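There are two complexes below, and they share chain A, which is joined by chain B in the first and by chain C in the second.
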Partner chain A sequence: MTKYLQIALGVLSAIGGFVDIGDIVFTTSAGALFGYQLIWAVVLSVVGIVVFAEMSGRVATVTKRPVFSVVRQRMGFGLGLVTLIGSQIVNVLTLAAEAGGVALVISLLFNVSYPALVAPAFLCLALVIWITPFNWIERIFGYLGLGLLVFLVGAVHLHPNLDHAAAGLVPHLHSSATYLYFAVGLVAAGLMPYEVYFYSSGAVEEGWKAPGDLKLNRINAILGFGLGGILSLSLIAVAAQVFHPIGVQPEFLGTSMLGAQASLGTAGLILASVGILFAVSGAAIDTCFSGAYTLAQFLGWEWGKYRHPQGAPRFTITWMVLLGLGLVIVSTGVDPVIVTEYAVIGSVVALPLTYLPVLLIASDPTYMGTHVNGRFAKAVGWFYMGVIAIVAVAALPLLIITNAGSG
Partner chain B sequence: MREDAFEIAYRLLDTELIDSDGRRCGRVDDVEIEGDPGSPAQVTAILSGPDAFSARVPRPLRRPSSRLFGDGLVRVPWDAVQDIAEVVRLKHRGEELGLGSGDTAAARIVARIPGSEQ
Partner chain C sequence: MTVMGERFSAPEPGYLGFALMSRRNWLFASAACLLLLAGCEPLTSDELQHEAGSIHSTAAEGALLADGVARQRSLSSFVRAHAKELADAADTSARKLHDASVPGSLRQRTSKAIDLATRTSTVLGDLELSPSDPQQAAGFESKLKRLAAAAERLESSL
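Up next is the complex of A and B:
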């Protein structure tokens, strides 16, 4: 029975993956600019990530192989290498943005200058990863990230306009390029590949076994990422109620927090800050591990946080180097929010090459036996490959046309 | 179980190598096949290491690949293969076969950091 309460992996993957700094920035901006009109993009990305997280977790549980191992196996060395390089670049950018975001949130909370906090933030993250066992990382950052639920309370408290929200479930494809840019950004932010790299590797780290843990996998994927989706919708709703009517265009992470303050006062602001702090820290750890997981799995190195650092030394050195690279990027003084936007849009390059092999292996009875994709999972999977293809083609031109959404 | 016939590219190539201690110790980066034209070919060894995979990428990428990942090649004789399933299991420890030597070097660096053994 306790096994069914073990949803920490799903919650951390979702809170630290789905609702990361990229998602917070995109949802708040989308709500402020377009009210409820982009809700459909969030719903589309939530269902997509639930489908692929479940699939990648199932593959990891049945074959003991996480996503990047599958990428190399199914796509071969050449395409696998392209995916590896693409996803590593995006990973490091995301890691830099998330860790910079940690410093940013602390500086807003305690009114300290941001540049002075950058190095300490990275040091703290390194210490946490070094000292804390994997399951405690999941629990601390997953559950404290749930402070973000304050946005759900805030959204309800603000009496959202349900008619507008319902209308937002339908895409309006005739609208402006900026609208399309945010739609693509929301879908991409929800489907960022590091979420499944982390989730599937976590399933192997936790030693999930078929068939018993397949249910656990499904619950983790649906509840974890479902929760992430609800939080994203809440962020949109708060921004739509607070910022949209007065025409504020949020450009800072702090704006999202002010949304909670506007609806719930100081307590709301503090809870929102704590939630964002742990969600963003969790995302920094997710991306840091994801980078090390992917490299190790691609090359066949021993990997895993469950092995003590000396048991998987190349993996250990890799995450340290990645954290160091992140620090170098943030230390140049670049704005973490800008880095996030580029990371999200850049991630679409790695999207098809990550999700296609997952779909192929999950649909292959040679590997999956009786746990192979059914007709429904296959149909939804291929539908999302179509969505991913459209997003991948549209992202870069829209980024250039709209000047990263600023019109 | 070792099957007598299977699709090499589909089942063997790029698969993970697990040694007798259960440690991950590389991937099947290439396969050595012997046989004369007209007669049945036989897999004689698994090749693992940067030299093996760098030779598989498109020509312009070969040099960047070996620059990035270094060189080195380990030949695992086919006799050392225990079975092929979702991974390739080996009969011996990785060290005995010369696999996973990069971890030995990296372990020396990690060992210098306090708390690395808990």
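Up next is the complex of A and C:
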């Protein structure tokens, strides 16, 4: 039983990283606008995040150093600082959006005024983080976020067109800039840096040891992020079946929930709401910890949820300040969905600076000993560095040209 | 050395203030121009097509929401909250088109789009008020489907 519970880290990282509020709306929009044509982008990003999560978990397990510590050591203070600033901006924006998303789901489910729920949502998140042990946070939010599997059931129930889905595995030569924007966005969303910051720090928090826990790391990366990918594909399939034929262009979180309802009725709506609520809460906690982890690791502070707040006071103050900043952003009335879409595109700045050091260290036998990357892992890693470079160059121009995908 | 010295020599007294003033004036002038352009630039066919697409999307989604009520497969709290979001979106489209400077060639179709957006918002408002009445919802669904089809035709004509 304990072994099964141990994959919770991968599940939480993946649920929180792959299917956060922005991804839910973004993926639903991709399916509604282009049917199954962007499945390849999700598959590309899932394989990429599995590869880099496995590498970062292995580096953390072998060297006892999480990703951001590796980033600073390998890239030096200057580039490390650029990565820190970029990733903190993205973290705060994402945290604001996710916590705002918690309020949004509750307001949709119970028809309560959204602004009235914003401050209580942040307070609840702060209490959960303060009170709940790390392994229980993983389990509660990782496993209850699995309510999103209702989209997989819904997709199967709607009898997806398998020929169209198979054709979507191959990129289309599309003239539309909007198509390219969604492709780049889906890849960037899957590779958000905070996922590996959280995942590798979690590996250190859980005290993974080489060589025994390397297998657990691999299973976590493949099953956890693979599951996140399946959920994204299910969202695309439901949108392709329900919204694409009638010309709906989703802009709201409620539209994704409506997709589950259209497929499975009231039960689908309730399960989707619970799944989204816990997935979005999990993403808020992921990003909150991720921001505190990166700052503490960069500055060499004591860090970790396993330590009592008095044992890591600056780490504790950091996550509280990040929550406070998130509350300020959401209190301005900005739409959480829009914020997270901009955060996804903004994260491309931190992508190469996060993943390159991981690849370099994981390929360096002086750090990794016998657990160094093999030829295949190196080749796949460098292929993804090329993908990341293309995404990093294309994201901002496409955001501007397509007016954030709205044409 | 001379060139470097010239390039990096300290500005004459008052130069910096002048430069800042010029820059500030330039920024004000640019902002004023942008505001003027935003207010006066005539609506283009592409923009109208985009708004017609939004109205089509909102009405189609509203019809799907009403269908859930008609078939008793939804929660009234969710219907009420989401119908309000959609009605607000339709209102935004209507307001945007109403405030736009419309060239003569697009006047008739813009009026049609405003009418469709307003009617979509009204029906969604009715759905918001009666989120658990299947019979009424069936009526709302067919109205919203008709509005979605009309918006789609308008979108295609542009």
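Here is the rule we use: the second predicted complex is superposed on the first by the 400 of 407 C-alpha atoms of A that agree within 3 Å, B and C clash if a C-alpha of one lies under 4 Å from a C-alpha of the other, contacts with A are read in each partner's own complex, and residues count from 1 in each chain.
Going forward, a residue touches a chain if its C-beta (ideal position, glycine included) is under 8 Å from a C-beta of that chain, and two chains touch if they have at least 3 such contacts.
In this text, all values refer to a predicted model and were calculated from it rather than measured experimentally.
Room for both chain B and chain C is found when the two structures are superposed via chain A, with no clash between them.
Using CA centres, the angle subtended at chain A by chain B and chain C is 120 degrees, rounded to a multiple of 10.
Once the two complexes are overlaid on the shared chain, A:257 sits against chain C while remaining clear of chain B. Using the contact criterion defined above for the overlaid structures, shared-chain residue A:314 touches chain B, although it does not reach chain C. In the superposed pair of complexes, A:110 makes contact with chain C only, with no contact to chain B. By the document's definition of touching, neither partner reaches A:244: not chain B, not chain C. With both structures placed on the common chain, the touch criterion links A:302 to chain B but leaves chain C unconnected.
Contacts of A:265 after superposition on the shared chain: chain C is touched, whereas chain B is not. Of the two partner chains placed around the shared chain by superposition, chain B is the only one that A:65 touches, whereas chain C remains out of contact. Annotation: superposed on chain A, chain B and chain C show a minimal Cα-Cα gap of 16 Å.
The part of chain A that touches chain C in the complex is made up of residues 107-111, 242-243, 246-252, 254-255, 257-258, 261-262, 265-266, 269-270, 273, 406-407.
Within the complex formed with chain A, the residues of chain B that make contact are 11, 13-17, 23-27, 29, 48, 53, 56-58, 61, 65, 69, 86-87, 100, 102-103, 106-107, 109-111, 113, 115-118. Only residues 63-65, 69, 72-73, 76-78, 80-81, 130-131, 299-303, 308-310, 312-314, 316-317, 366-367 of chain A touch chain B when the two sit together in their complex.
Put simply, chain C touches chain A in their complex at residues 50, 53-54, 56-57, 60-61, 63-65, 67-68, 71, 73-78, 80-82, 85-86, 89, 148, 152.
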